[in-house]
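Shared between the two complexes below is chain A, which has chain B as its partner in the first and chain C in the second.
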Partner chain A sequence: MHTYWVRLNAVFFYGLNVLLGLSCCAWVSCLQQDLDFHSDLPRPVVDTVRVNELLSLRAHGGVDRALLSFDVQADLTPAFHWNLKQLFVFVLAEYQTPKNELNQVILWDRIVETEEQAKLDERNIYVKYALIDQANELRNTSINYYLVWDHMPVTGRLFMDKGFGSKKILPKEYF
Partner chain B sequence: MGKGGMDYKGQKLSEQIYLVLIPAVGSVAWVFGYLAQDFKTTFYGWLAGLVLAMLICVPDWPIFNRNPTPWLEEIPSARKQTVVDDDDEDDAPAKATKAKKKKGGKS
Partner chain C sequence: MLEIVEDQIAELKKLWKNKRLLLHQGLNLAMIVFSALMIWKGLMFLTKSESPVVVVLSGSMEPAFQRGDILFLNNQANPIRVGEVVVFKIKDRDIPIVHRVMKVHEKASGAVELLTKGDNNRVDDRGLYAPGQLWLERDDVLGRAVGTLRYVGMVTIILNDYPALKYVLVSIMGLFVLTNKEEA
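Let's look at the complex of A and B:
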């Protein structure tokens, strides 16, 4: 504490420790909402995640690829609180094939930064990423469509939540 | 100028001020942020407290120099002695005896 630099160093890094403490308090203050224990707080609602139109189902070099458009209606505003920086929202196709017990393919994603953007109402939007199988087993496969959102907090752990949308079987033949 | 040395009590006071000030301002900012449900409010409040603490505690303000460490007072007799007893008389024989002792030890 005997020179400017020692004092500047002491004040600054003590200040950072205080900020860490404040951040941890903020995390704790949101735990009830995050973990949903003993609370009557509203939860995010997924109304619709469904295929609007299947545009094609083809094999490209031995690998099946489906292109489609879909509808999404969901209200994720209840996931927001002061310790949440943003949500990473994506549409997930989940299915089982003889080759893999579980396949998960992301078809579309969006970063939601404000509560106003968290009410999703998208109709007939085209996939960002095609539904591509690891092999050629998409035909006549039942696919579950989910909406998944990844919480990205200011402080604390990253965690995901997901809501089931719909189930649809792909056609038996390529088209 | 110099390095901004405070006296000892000044250093203690400076440290006590920032140890209390930053958490105090930060806590108030946290409450405001919680009520507003906006962490940026908390962050900027904390930042304001930090800058304030830096302005108060880092510069060598006069308030931190009210208890200067006193020098020992001069002892006039001691000074006279050192002037009189310069190397010639006392030190030279002492060195000589040491040297003799060493030599004696060897032989």
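Let's look at the complex of A and C:
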């Protein structure tokens, strides 16, 4: 009978199951580091995320837009392990306005693929994406700056972690 | 090869004569089909998403996700936050898009407006949205990516590129299930 086919089929699907099992093992092998339960493993450290210079704040096409540069110092190397493909690191501005309870805007991002790149020491870098409000409510608004990193594994769970940087109030007038 | 085909035909003829066995094998086939369906529907219920598993079809999220990776989605009610990778659908377009949320504006009522961008794209997604659409809303989002497996989706991509293969594969598999003899 068609035993070759049956065998091939069995080997193929057994192989798939093994791969799936190994993928799960890969995920489990890094759980301790990911979840940080009772471990003395070093954690990522965020030293600085702060505005270096505010370059402009004005209304631009009906919405407020701020251009700025900032400093970032952080050591994210502890977040790396063998099952991690990359970290998606970004600087987040979070603030509240009369119109919106919560505004979150990404100002700058970087894909970190190796442990060597995971020590961030950036000074006076210009925003990649301007701080643009949904309306014109940026003046005199207090803004929290965070550094956030998204773990993107080879196989496994996607999750984010963040560190608070600083808080700063934007000026009362356009300039 | 020819021998296998003849074998299969002989088996089918035998099956056709033995109605009881035919029924049994038919039920077997139905079992397989329905358990696949049940798993899918069960996942839909658990994740509250209309498609709990998606295949990445483009390179716009490289290097995070490549063509052929599969993503597991979760669409439970908790709010969407910036940085999350979401799968969304644009009105009048069939294929959902997997991109990262770059902006979140949430009103006190909970209504939320989002702007997305692919990691590998230079500009945000406003050009991909429907004409005149500036923001995504919660209803446009099918789910956020919570897990990933590599390469598994390649099968889907190949089957999509060569639709004929789909029918060939399904009929071969169906035939094998029908004629597969149980070893009691």
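Some points to look at:
Following the convention adopted for this analysis, the second predicted complex is superposed on the first by the 163 of 175 C-alpha atoms of A that agree within 3 Å, B and C clash if a C-alpha of one lies under 4 Å from a C-alpha of the other, contacts with A are read in each partner's own complex, and residues count from 1 in each chain.
We adopt the following convention: a contact is a pair of C-beta atoms (placed from the backbone, for glycine too) under 8 Å apart; a residue touches a chain by one contact, two chains touch by 3 or more.
This is a predicted model, so every value here is computed, not measured.
Looking at the shared chain after the overlay, A:Val154 reaches both chain B and chain C.
By the touch criterion stated above, A:Phe90 is placed in contact with chain C alone, chain B being left untouched. When the shared chain is aligned, no partner comes close enough to touch A:Phe175: not chain B, not chain C.
Of the two partner chains placed around the shared chain by superposition, chain C is the only one that A:Gln104 touches, whereas chain B remains out of contact. Once the two complexes are laid over each other on the shared chain, residue contacts for A:Phe37 go to neither chain B nor chain C. More chain A residues lie in contact with C than with the other chain of the pair chain B and chain C.
Shared-chain residue A:Leu8: touches chain B; no touch with chain C. Taken together, the two complexes place residues 1-2, 5, 154 of chain A in contact with chain B and also with chain C.
Those residues of chain B that touch chain A in the shared complex are 3-6, 11-12, 14-15, 18-19, 22-23, 26-27, 29-30, 33-34, 36-39, 42-43, 46, 49-50, 53-54, 57-60. Within the complex, the chain A residues that touch chain B are 1-5, 7-8, 10-12, 14-15, 18-19, 21-22, 25-26, 29, 81-83, 154.
For chain C in complex with chain A, the residues that touch the partner chain are 4, 7-8, 63-65, 81-85, 100, 102-108, 113, 119, 145-150, 176. Looking at the complex, you find that chain A touches chain C at residues 1-2, 5, 9, 20, 23, 85-86, 88, 90, 92, 99-106, 111, 113, 129, 134, 148, 150, 152-158, 160.
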